[in-house]
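Labels run A, B, C and D following the written order; every chain starts at residue 1.
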Amino acid sequence: MKKGFASDNNSGVRPDILKAMEAANPGHYTGYGNDPFTQKAISVFKENFGRETEVFFVFNGTGANVLGLSSVTRSFNSIICAETAHIQEDECGAPEKFTGCKLLPVETKNGKLTPEIIQHHLKGFDFEHHSQPKVISISQVTEMGTVYQPEEIKALAGLAHSHNMLLHMDGARIANAAVSLNLGFREFTKDCGVDVLSFGGTKNGMMMGEAVVFFNPDLAKQTKYLRKQSMQLYSKMRFVGAQFVAYFENDLWKETAAHANKMAKMLEAEIKQIPEVKITQPVEANGIFALVPPKIVKPLQEQFFFYIWNEQNSEVRWMTSFDTTENEIREFAALIKKLVSEK
Amino acid sequence: MKKGFASDNNSGVRPDILKAMEAANPGHYTGYGNDPFTQKAISVFKENFGRETEVFFVFNGTGANVLGLSSVTRSFNSIICAETAHIQEDECGAPEKFTGCKLLPVETKNGKLTPEIIQHHLKGFDFEHHSQPKVISISQVTEMGTVYQPEEIKALAGLAHSHNMLLHMDGARIANAAVSLNLGFREFTKDCGVDVLSFGGTKNGMMMGEAVVFFNPDLAKQTKYLRKQSMQLYSKMRFVGAQFVAYFENDLWKETAAHANKMAKMLEAEIKQIPEVKITQPVEANGIFALVPPKIVKPLQEQFFFYIWNEQNSEVRWMTSFDTTENEIREFAALIKKLVSEK
Amino acid sequence: MKKGFASDNNSGVRPDILKAMEAANPGHYTGYGNDPFTQKAISVFKENFGRETEVFFVFNGTGANVLGLSSVTRSFNSIICAETAHIQEDECGAPEKFTGCKLLPVETKNGKLTPEIIQHHLKGFDFEHHSQPKVISISQVTEMGTVYQPEEIKALAGLAHSHNMLLHMDGARIANAAVSLNLGFREFTKDCGVDVLSFGGTKNGMMMGEAVVFFNPDLAKQTKYLRKQSMQLYSKMRFVGAQFVAYFENDLWKETAAHANKMAKMLEAEIKQIPEVKITQPVEANGIFALVPPKIVKPLQEQFFFYIWNEQNSEVRWMTSFDTTENEIREFAALIKKLVSEK
Amino acid sequence: MKKGFASDNNSGVRPDILKAMEAANPGHYTGYGNDPFTQKAISVFKENFGRETEVFFVFNGTGANVLGLSSVTRSFNSIICAETAHIQEDECGAPEKFTGCKLLPVETKNGKLTPEIIQHHLKGFDFEHHSQPKVISISQVTEMGTVYQPEEIKALAGLAHSHNMLLHMDGARIANAAVSLNLGFREFTKDCGVDVLSFGGTKNGMMMGEAVVFFNPDLAKQTKYLRKQSMQLYSKMRFVGAQFVAYFENDLWKETAAHANKMAKMLEAEIKQIPEVKITQPVEANGIFALVPPKIVKPLQEQFFFYIWNEQNSEVRWMTSFDTTENEIREFAALIKKLVSEK
């Protein structure tokens, strides 16, 4: 099947990561994380984020978000997020089901929360009739393809902490954000006041595997039980551990994400030459949102699959991936040009 | 690390299954199961279990059990199981947490439920103060290494159905059971009245991946939502699909499980020659339970790792795997003999 | 303590209702609803709403809402409501905790939903990543003191049903709505397409007790178990039954609510003569919302207690009750006049 | 209807308690507990149990148990109880649903746990696959009508605390226990190491209302939110507060429970003269368990209603109440004598 622009998880696994998995295959190892690959992967996270960091590997992004959030909440808490957040829109209610918490979605222009637009939810503290606000959750990269600047994250963390709340980051595409910001992971997470991080791997060339990262180990004291209870404890954990080791080695993650981001920028440049298509969000990572003439959607999808973001206004989302080629970008842009000009 | 007898999930992946995963890697495919590998795997299940079968792939065994059980229960139901059942002992309360149901553990001699020993729980129907019995859950192979005979399963299914209840089978080691019974999967599941099946792959040479199988599609109408909400929907599902296709091809599963079972039988034969060690359960699949002299546990574990089952009476559990060798069995038995005779 | 305008639940019990409770006291009766008082109360509901109605008594309003909603949802559903709804703002997350569902709050002008403003949430059907919209929940009277007209309810019911969804009404103040509309209960509930109704008594002169009413008995098949499991099954149920019998007898509810509504109208008339105070919502039942000069809040509260609705703009809420007197209204209005004119 | 022996909750309300409720009726009071009646009731509890005690009133016994247990557990914990415990048998799974915990029922001879019979559940600490044991829950009076002696409670508390666990007491019939032991409430709860207590009122002459009592205030820090979220926060709380004030005044509770217990003893004495009926449990409070000839059950129930405890062996339960009269006991015993001797 021709590669499309539907999602960065439509791609397979980077060959070097697959190789690392094969290399981890021979022999017996204790299950559930007590193997050298997983232990090595944990060390790598500690090197990146600091010695006192606690790391828990899980299967997927929803699992990571739910485990991180359930570790730091009780059922009577609320979680503030963008109305476009994955935890609000795309997890079929897993956060509510597993944490019992109320999610408070906030309308945004570009997928990014700001202190101003969430202010009205910071109320009802100590009032037993009201779900107690406990977490501000942001996505980095956002679901709209935008990237929080460090000072924006700091402002939200400061606001959270001043209310005895925590800042959670859904980093399903954190590598794309790091490349976009040209910063190390720590600089725009822990150093900006993030408390709990879902660190994604699957969307950037891994087969499966995400990490829940706590910068304050006190927050993680019950996480191991919650991971098991939330069905996210993997028996043959070595295969996630080995991937993460390879992922960090020689900054593999950076090369991968940088390519995806570059492809998005290239596509943006191509699209800007097509007046019938209007890009609706700043292209800051590996996603492009655009208004396209409705008539081109179907024929375009037939050759390069992608998702419609908003049926109402014919807004589409195009995601690039580690294996998107310059040729594919050119072909895709050429097809758009051809389709918009037809009849 | 030397291979031990701790668990069949301490082994890696069968090389031919790993190869199938690599073969599935190139190119883009729609995520979450809408790919040809997953679709093919579903077909294979339907071939094995009948056209009307509904199949849902998940990450792990706990996920499979919880998804199957939550599909067929409401929170006010109860689930009857052996007190040794994985859902009772080894899932950190995931079934209670996610289904809301009450688990009713029953003491058994050998891990197997019978109509007699669960009879006293079949009460309180229609009585709103009482959790409503809805599911009888059995493990095949049981956690004690024993295997239900078809007529035993039929009796439990009949009992369940006569009370408007369902029979769930935790088949984490279903391949070992099939080999032990010398039957096809369908013959001791669907054909015996099982309603919901957790079909395991990980413990028999797969990397990860289990299937929840419903023989009556009406029971599965809400399962796709529950799978997502229970954090068990895998984005790059092709890698589970490809494994299951390979697993069924040329009865790979049978070869794998047959070897593991054979190794257990070989170990049994060796052990029977050691009067100081007493096997406590019939060896019907790939697990051996035995009382050993306490003094030998530590030195034995140092060379071949395994778990103590019962600290009180020094009962141990030895599991064989697809990659256990005859040599290892001999070495292990020889070491036991040496250790028991020392001093 | 002087009566204030804080809430209609700050009043006690109508003396005739208290008398009915005393009359039910002597003797033994089977618990949990199988007593003649409860049975009679159920009959009265059936007379009002139709033979096929199913009625379940519970302790309080949150219990009623949660029981009604949990009866008709699964955990992967979503529930659309006004952002001011009691289930969203005032139940400390009980609906999420007990149903597992996602609540989708919608901004409104006056506490009332319309088909237009909820339209954007009617999406994602059959898409397993998205919580499945299942219920539209409205409050009648709304938390802003406004009342839905029958045609407005019909429009929402029609929209719900056309999407295979249901309409839930939180009728904590349903008697005040009935009086306001000059309609019988059935005319603006069942006859307008409402599927599940929380029928309140406590805020209109009862001691405790609400009813969950299902107009389609198929929706209530599991409610008795859910009531017990949600801790809402009262052992000495006769004392709720007796209250509801008295409540309906001679239209007691109507007299009570009519008085409360009348007092609100009287207060409105008084307030309209005070230019410094601006009423912000139509006064359609027994609540008045008004912007008052910040300086008068404290001294006014000291004599007649009430709650500030919105700290930001000094909006207050005044509720009248069955036992509010004309004198109290006059005194209260006089005090406001005095306070606004001071200094 | 003739008074029977079905349950102590089949009786109404003690007239003096009803009077206290009426006395609390006039006037307005802030809702949800901030009224002088509730505040006075809290003081009374503190006088009985110590200044640092935290008290939360709820509607019913299931609500009390669930609120107490959810305050001190996380979802991955387990709760050890007798297999006859109300939380296991009679709450339709409310504890599992609301706490997410696993209940571990233990077979007992007389409804009472001992350190010996629960020992095998005290395992798996720190092991993430295993629900973490956190609470031992006992009922005082037990569901079998037996009463724990102080030293028995101390032994269980000591065992719990030595494992970093807590002791919960379901005191639905705590007054009957106090009378039976001839001790004050504190002497066999707090002073014996109980951590969390469900203090019952409804079964001993109140209309409704139970209290959750924490002897260590640190355990109660989140209880107010959990009470609201568990639908147990009563708006017109004064009517529970006023009952408890009356209940403690002049040791009303003691008079009430003493009478019920005395009636049970009187019935026991009568029954002992009937060789065809065999009492199966020590009569230590207000319940009698007895094996009766199956033929007498129906005709006996027709005149004095009661419940069959065990269909298998024709064991019945007879409960006496504050309003059971000596005459009723005599009539009942006479009827039994007559029925057993017929034909």
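Assume a contact is a pair of C-beta atoms (placed from the backbone, for glycine too) under 8 Å apart; a residue touches a chain by one contact, two chains touch by 3 or more.
For clarity, every value in this text was computed on a predicted model and none was experimentally measured.
In this structure, the chain pairs C-D and B-C differ in their number of contacting C-beta pairs, and the larger number is found at C-D.
Among the other chains, the CA centroid farthest from that of chain A is the one of D.
The centroid of the Cα atoms in chain B and the matching centroid in chain C are 50 Å apart.
Between the CA-based centres of chain B and chain D the separation comes to 41 Å, rounded to the whole angstrom. Chain centres here are Cα averages; for chain C and chain D they lie 33 Å apart. Counting partners per residue, chain A has 75-76, 91-93, 97, 100, 128-129, 132, 225, 228-229, 233 as the residues that reach two or more other chains. Those residues of chain B lying in contact with chain D across their complex are 75-78, 88-93, 96-97, 100-105, 128-132.
Those residues of chain A that touch chain D in the complex are listed here as 32, 74-76, 100, 128-129, 132, 222, 224-229, 233. Against chain B, the residues of chain A that register as touching in their complex are 1-4, 6-7, 9-13, 15, 18, 21-22, 24-31, 59-63, 66, 91-94, 97-98, 202-203, 207-208, 225, 228-236, 238-239, 305, 321, 323.
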